[in-house]
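Take a look at these structures.
Both complexes below contain chain A, partnered by chain B and then by chain C.
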Partner chain A sequence: MIIAALVPGLPAAAAILLVIFGRRLSEKCAWISVAALAGSLAAAVYMLVAAFRGGGEEPFVHATFEWMRIGGVNIDFGLYVDGLSAAVLVMVAAVACMVFVYAIGYMHGDERFPVFFAVFSLFTACMFGVVTSSNLLQLMVFWEVMGVCSFLLIGYYYERPDARKAAFKAFITTRIGDMGFLLAVAAMLGKFGTLDIPTLMKHIEEVAPEMQAFLWLMCALLFIGAVAKSAQFPAYIWLPDAMAGPTPVSGLLHSATMVAAGVFLVLRTFPMFEAAHFLPMIAGAGIFTAVYGASLALTETDIKRTLAYSTMSQLGYMMAALGCGGYVAAVFHLITHGFFKSLLFLSAGSVIHGAHTQDIREMQGVGKTMPITAACFLVGSLALAGIPPLAGFFSKDAVLASMLGYAGKAPVQGSIILIVGLMTAVLTAFYMFRVYFGVFTGPGKKYHESPKMMLVPMIVLASITAVAGAINLPGVTLSLAGLLEPGVLEQAVPWLMALSAGAAGAGLYIAWESTHLRAALHGTGPLPRNLQVLYGGIFLRPVFRVSRFLREMHMDQIITGIVVSPVVWLCELAAKLNPDVLYTAVFVNGVGRIAGALAVVDVRVVDGAVNGIGRAGLGIARAVGFVDARGVDGAVNGVADGTIAFGGVLKRLQTGVTANYALFMIVLGVAAFYVAWWLVR
Partner chain B sequence: MNELLAFSPEIVITLAGVGVILFDAIWPGRGRVERWITLGAMAAAAACAIFIALTPGLYGLYFQGAMRVDVTTTFARLVFMAAGALIVLSSWATQGEGDTAEYYGLLLLSLLGESVIVTAQTLLVLFIGIELLALPCYALMAIRKHKPGAVRAALKYFLLGMFASIVMLYGVAILFGSLQTISYANGLFPAAGVLDAARTSVAMVGFLFLFVGLGFKVTAFPFHFWSPDVYASGSTPVVAYVATVPKVAVMLALWRILGPGFGAAYPLGQMFIAVVAVTSMVYGNVVALLQDDVRRMLAYAGVANAGYMLMAFVAGGAASHHALGFFLVVYTFANLGAFLVVMAMGVDRSISMRDFSGLGARNGVLAAAMALCLFSLAGTPPLAGFFGKFALFKATVDGGFAWLALIALVTTVVSVGYYLKIATQMYGGIVTPQEDDAEPGRELAAPFRVAPALTGAILACAAAAALLGLFGVGLLTG
Partner chain C sequence: MVPPLYFIILGAVVFLIAMLGFLTRRSLIQALMCLELMTAAVALTFLAIGRTMPDGGLQGMAIATFIIVIGAAEVGMGLAIVMLYFRRHGDASTDDIDLLGG
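Moving on, here comes the complex of A and B:
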């Protein structure tokens, strides 16, 4: 119980210490965070071991105490750690530890260094809180504060307009999803009178046959929240822009933690999704996101955004696995993906650090002078592509196996999902190695290898990535499957393994060929022999064309326009009418509360009247000021851009060409008629 | 004899319209006399309309049931004449730029077309009325030939208008085929269950085609595309006219065609109108929010307002009919007022939001009138626009379409945004002369003078937009 409380408690304490002593300690303060995280990691490992001892039958910790009473209903505050939480905790703590060390090197010399680490620690504490929460309301509280922290972290370089905009976009988009989450929580509290997760799940399994429709709606609402947080289509729009934040932020938030929280929510409430027969929806949405994200990554030229699209695609993979009933596969992939994706982000950050650009077209031959970074990126790429024997191969195979299992139950949908999943595997290997070959191989300029402080975490993560596949090897007693679903033995499907490795190999080969082609076109290499066949339109050209087409549709702008900009616009209106309304409407309980909490600290700090602490107060005041002014500015800018994006779509109709108008009148008129017919049918 | 009496307003207008043009042919260059003739004719027509309303026995069907004179007709005639008179007043100083006679003559003839539209009781008479309205409007749109883009705008208006008319005529043919009648003296569509399924489907297709023609005139999405382009470059008094009066006529005619029970009997047609209404409201309001050119903004606001008006047809029933009538009057005067203020700001150039900056200080009367008109359009409580919208929304909710009213309500909130944009410019005192200003030397702080007749017309519109709510209260309770 106490050990479980340490996991989120230590980073939270570190955050408070940093706020108070950060200024005085300057860059040394980061070690407080790292030490706290190491403590969390130790506690998490201890719990994992204990969970293994217990065989996963019973939750290791399930302790609650009364938090509040709403209309005769108890809301408990508590800890709940079972095999799932323990496994995810270890992964998150390990990745966070490494990313924090890396960030010490990366953020070196930044003038707001302590503020960064304070917020970063608080964020990590919230992620731990999400994983260990025993009831949905508590989970949502951590989830929300995590959203606020991510707002601050993505918008860390707030002097840059794109970072401000990205932070705001991420915040608003996920908040829209949170509406769904909130509605579901409120409705379930009203209906079942409890939000304690194990009790709720047990209860739901009992009553499921009688209340299918209600449960289905609840699942849909929860899923909306998960979709927004996990950057699934169509709420993925915030993720690529969120790359405007510092790279360690992307390395933690957009690989192993925040985006994973959406998947974790579905995992946590999985029995409910199963009972409501909601899983096919998740499978469809997930596999679509997987292939869509991979297609977008194909033609992306920004190295971090490529990884962002890849994250979106891989999370779609996990969702698809969940939808196919592959609970263990999803957890497995969540864990391995957390490791290798943060490895990739950190390596990309190292490259950016050395090459001072994010555009992969401007980098070449980086591998010569940055060998360690190149090796780490290669390990990450191999793992992501699913080349044996790295971790990604095993988890991807588990995902595919769950799809195959689904195909046994629902032949048509299942086979479609399996085939699309395999196609995505090819695409994944392709876009990853397009980046790898393009950036690291070939002749190039002289770059400086990154400092040790950045390289060591990368090497550690690379080693973990190399062996993490072992945690779920079939037949091993201490496997993940044994932890999550005791008694269920995972069956390996050899031909599927071969197929999946083959798909990865095919993608790798195509990337190799296309890189050679690029080199040949630039006059720096020989023309590949079978180029004609490949480039003659069998594979590459249509694929690239589709990717470009998707990109040129500006789907993200359309989604921003339709979904996000009205909300932002209303916020703007509220802000215009009355600035106070902004706090209640936009930052409903997030930023306003944080600002309030910080203000409390502020008062105490000033009362303390200690010189060094006074300076910390100044730092807080600045942080609060940042929230204040930039938040409102961001809202206004966000409105302008969002509305213009939406307007851009609509304005395209107003071409000024008379013939077009006549055509629109008929086409849209008939379309309206058809919609009406469809509605009354 | 009764026919002559019952249609005396139309006869007066026709005679005056033809007479003005003949007068100019015989005694050219006497614009002052012509505008008095026009005003006189309008006053006479209005007097005749009132006389008809007060004389028992004149209401009824005429010409073998092809036309009808009733309360709606009287109501429409009075609105048309008042609006026409305001247009004449507004162009008192500028007139038709040398083509005075044609200007007044065409204006009168298009008013005649509107009267015919409202009195018509068969689809063919309706079609004649629409053409009678439209052809003078096409010509009027190009009357300021030297204005850049005016002729192009007129041509665009003409081509698209003709296209819509053709589709509509085709729809009339289809409707005749399926319903075996073109008369709507007792409602065009029979009660539910009279038509078999096949005939109903054909009739719905005919209805769609008919709606293209009517939707074009009321600028409902997606038949509105001409309006922003034409409003932006047409002659402003004519645009003010085209943006308001024909909408009233066509909406009233559409009500006559569909009757109060259409929605309940034909769910497909009802849902079609609802879809058009929703898309109009959403599209019009959102795009209006993005406009900088005020004429374009008003055009999109017109699209949105067409959506609000169409809600009445979805809900049906007597309450909707009353609400629609009241909304139409308020909309006509408020919109006319707004357009006339834009006209006062400048006839030959595009007016952007920035042109309104500091207007409150430069010409307080104009700014106040504009504010009244805009707030009335936005539906702000004490003003007439509020009662109009409220009545429409209430009728819609009562008709069982709460979702539609909800969408309308949300879009109304959006619409406040662009109306407020102008108001804040006028009173915000944000006088920001830009370096790339079209006329860098323009004094932004200098008093801004407007011709007295135009000011009078604007004030009349603003008064109507503000005070008609007094009648609205009666409407809501009664």
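Moving on, here comes the complex of A and C:
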């Protein structure tokens, strides 16, 4: 249990240390974070081993202590580590370790270096917290702190307006999703009286038949939270813009951790989604996001934004797998995707470091002078595309197998999802290799290879990516499936494997052709054979046209409009309902009219009487005035002079300096307290 | 269980720290942070005293909730004022704010 607590505890401690000593240590401080993460990784590996020993049956860490008690409701704080948490923890810790080392090289020379590492460490601690939470409210706390950290990290270059805007966009969009999460948590606390995840899941499975509607609503609300965090279709708008942050941030947040938290939430509460029959919704939303993100990535020209769309697409894949009941497949893909997407981001960062641009049209032939970066990017691309024997092939195949399994239950929806999934696989290979061929191959300028500090983590991640598929070989007990669903041995589907490899190969081939076609059109390469031009004309043009059409629809702006414009409209309405205008219309004008009528009466009747009295009064006043000037004025002037003199003394107290006022306030407060004390006693 | 007295002492210490900070800090933002710390210390004291009550602390929690809400509103106002002041004068040091001086 203590070891489990070390996983989130160490980076959190590192964050605190960095805040205190960061400025003094300057760039050396990063090693505190790296050491803490290495400790987390060791603890996570220990727990994974323990999970395998336990056969994955019972959670081997489930310790809680009372966090708060309000009336009759107890809310606990605790650790819950089962096979799922252990597996995800190891992946997150390994990726985070590598990204931190990479960031030491990447952020070298940045003036706010310690701040970056402090926030980065805090973020990682919160991700570990999300994964090990035993309680939905506790999970939500970490989830929100993670959101704040992502705001700070995306807006790290806050002197750039686009980074500021992106940070706000990411924060507000995910906050809208968090509303759903919060509502679900509150409603479930009210209905079931507990938020302890295992207890809650067990309870829900028992009562599910009676309260379908309620559970469905809860699932929908939780899913809204997951959608916003994992950048699924309507809420994906923040992810591409979030690339304004430093590349290590994208390499950790937007590949392996924060965006994966949404999927993890659904994984954690999976029994509930199953019991509420909510899964088809998830499958539909996920597969749509998958193909949509992939088509947006096709025509994107910014290398990091291409990867962002790809992340969105792959997260859609995971959601779709979950929706099809492929729990293990989703976890598997989550883990392998964390490795290879992180690798891709780091390699892209290395290219940006060397080429000083993010536009893939401006990079050419980078591979000649940056061979290690090119090799790492190639490994990542091959894995993402799903070329055997890299990790992505196995996990993508598992996802497709779960879709196939769903097609067995619901033939129509299932086959649609499977076909779209295969199409997405083709598109994925296509857009990845479009980038690879365009950026790394061919003749080019001379670039500088990045420092070792950046290359070593990339090489490590690349080697993990190459072999990570082995964690879930079908038919083996000591595997991810054995850990998550003991007793159920998955069988490989050879024809599906061949199909998925074929899809990846097709995508790769199309990318190759299109690169040549483009080179020929630009006059920098030999004109391809007529047959290939025909291919290009038939297959490529429609695909590119669809992608460009989607881009020109500006869906993200439409969604921003739908979400943001009502708020603006309300503000404008409130401004129009300005009390000033209202008062003028109702009171000022109305009173004016009444006054006009009264004036007529006044002049005719009242004035006559008043004038008579006035004349009489004038006489008396003259007599009194004589007394006044002599007697009363003297007295009054005396008082006034005295007051002015006293005021001159008191004026000194009114210094206008805030601290002085504060001091008076405190002294008087203490004095008043003593007087009151004395009186009461 | 930690006895309530400890929390009360902690609240008092935090309050004193915040008070000293409020008196000595030069930046408006820091002064505002110290104010917030003071409200937090008061909330903590209420919670601690609430624990000694027979209802198990519900009253203390209710008051603390009010304090938190008011604190949030206060931060909103305070930050807006600081920001506007900063925009107009280009700095927010309490030393230079003496327009109310007689």
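Here is the rule we use: the second predicted complex is superposed on the first by the 555 of 681 C-alpha atoms of A that agree within 3 Å, B and C clash if a C-alpha of one lies under 4 Å from a C-alpha of the other, contacts with A are read in each partner's own complex, and residues count from 1 in each chain.
Following the convention adopted for this analysis, a residue touches a chain if its C-beta (ideal position, glycine included) is under 8 Å from a C-beta of that chain, and two chains touch if they have at least 3 such contacts.
Computed from a prediction, not measured in an experiment: that's the story for all the values here.
Using the contact criterion defined above for the overlaid structures, shared-chain residue A:T658 touches chain B and also reaches chain C. Once chain A of one complex is fitted onto chain A of the other, the partner contacts of A:W495 are absent, as it touches neither chain B nor chain C. Applying the stated contact rule after C-alpha superposition, one finds that A:I666 touches each of chain B and chain C.
Touched residues of chain A were counted for both chain B and chain C, and B has more of them. Residues 650-651, 653-654, 656, 658, 662, 666 of chain A contact both chain B in one complex and chain C in the other.
Interface residues of chain C facing chain A in the complex, by the touch rule stated above, are 19, 22-24, 31, 56-58, 61, 94-95, 97-102. Those residues of chain A that touch chain B in the shared complex are 566, 569-570, 573, 643-644, 646-647, 650-651, 653-654, 656, 658, 660-662, 664-670, 672-673, 675-677, 679-680. Across the complex, chain A is touched by residues 155-156, 159-160, 163-164, 167, 204, 208, 211-212, 215-216, 221-223, 225-226, 228-229, 267-272, 274-276, 279, 283, 286-287, 289-290, 413-414, 416-417 of chain B.
By the touch rule above, chain A contacts chain C in their complex via residues 69-71, 650-659, 662-663, 666.
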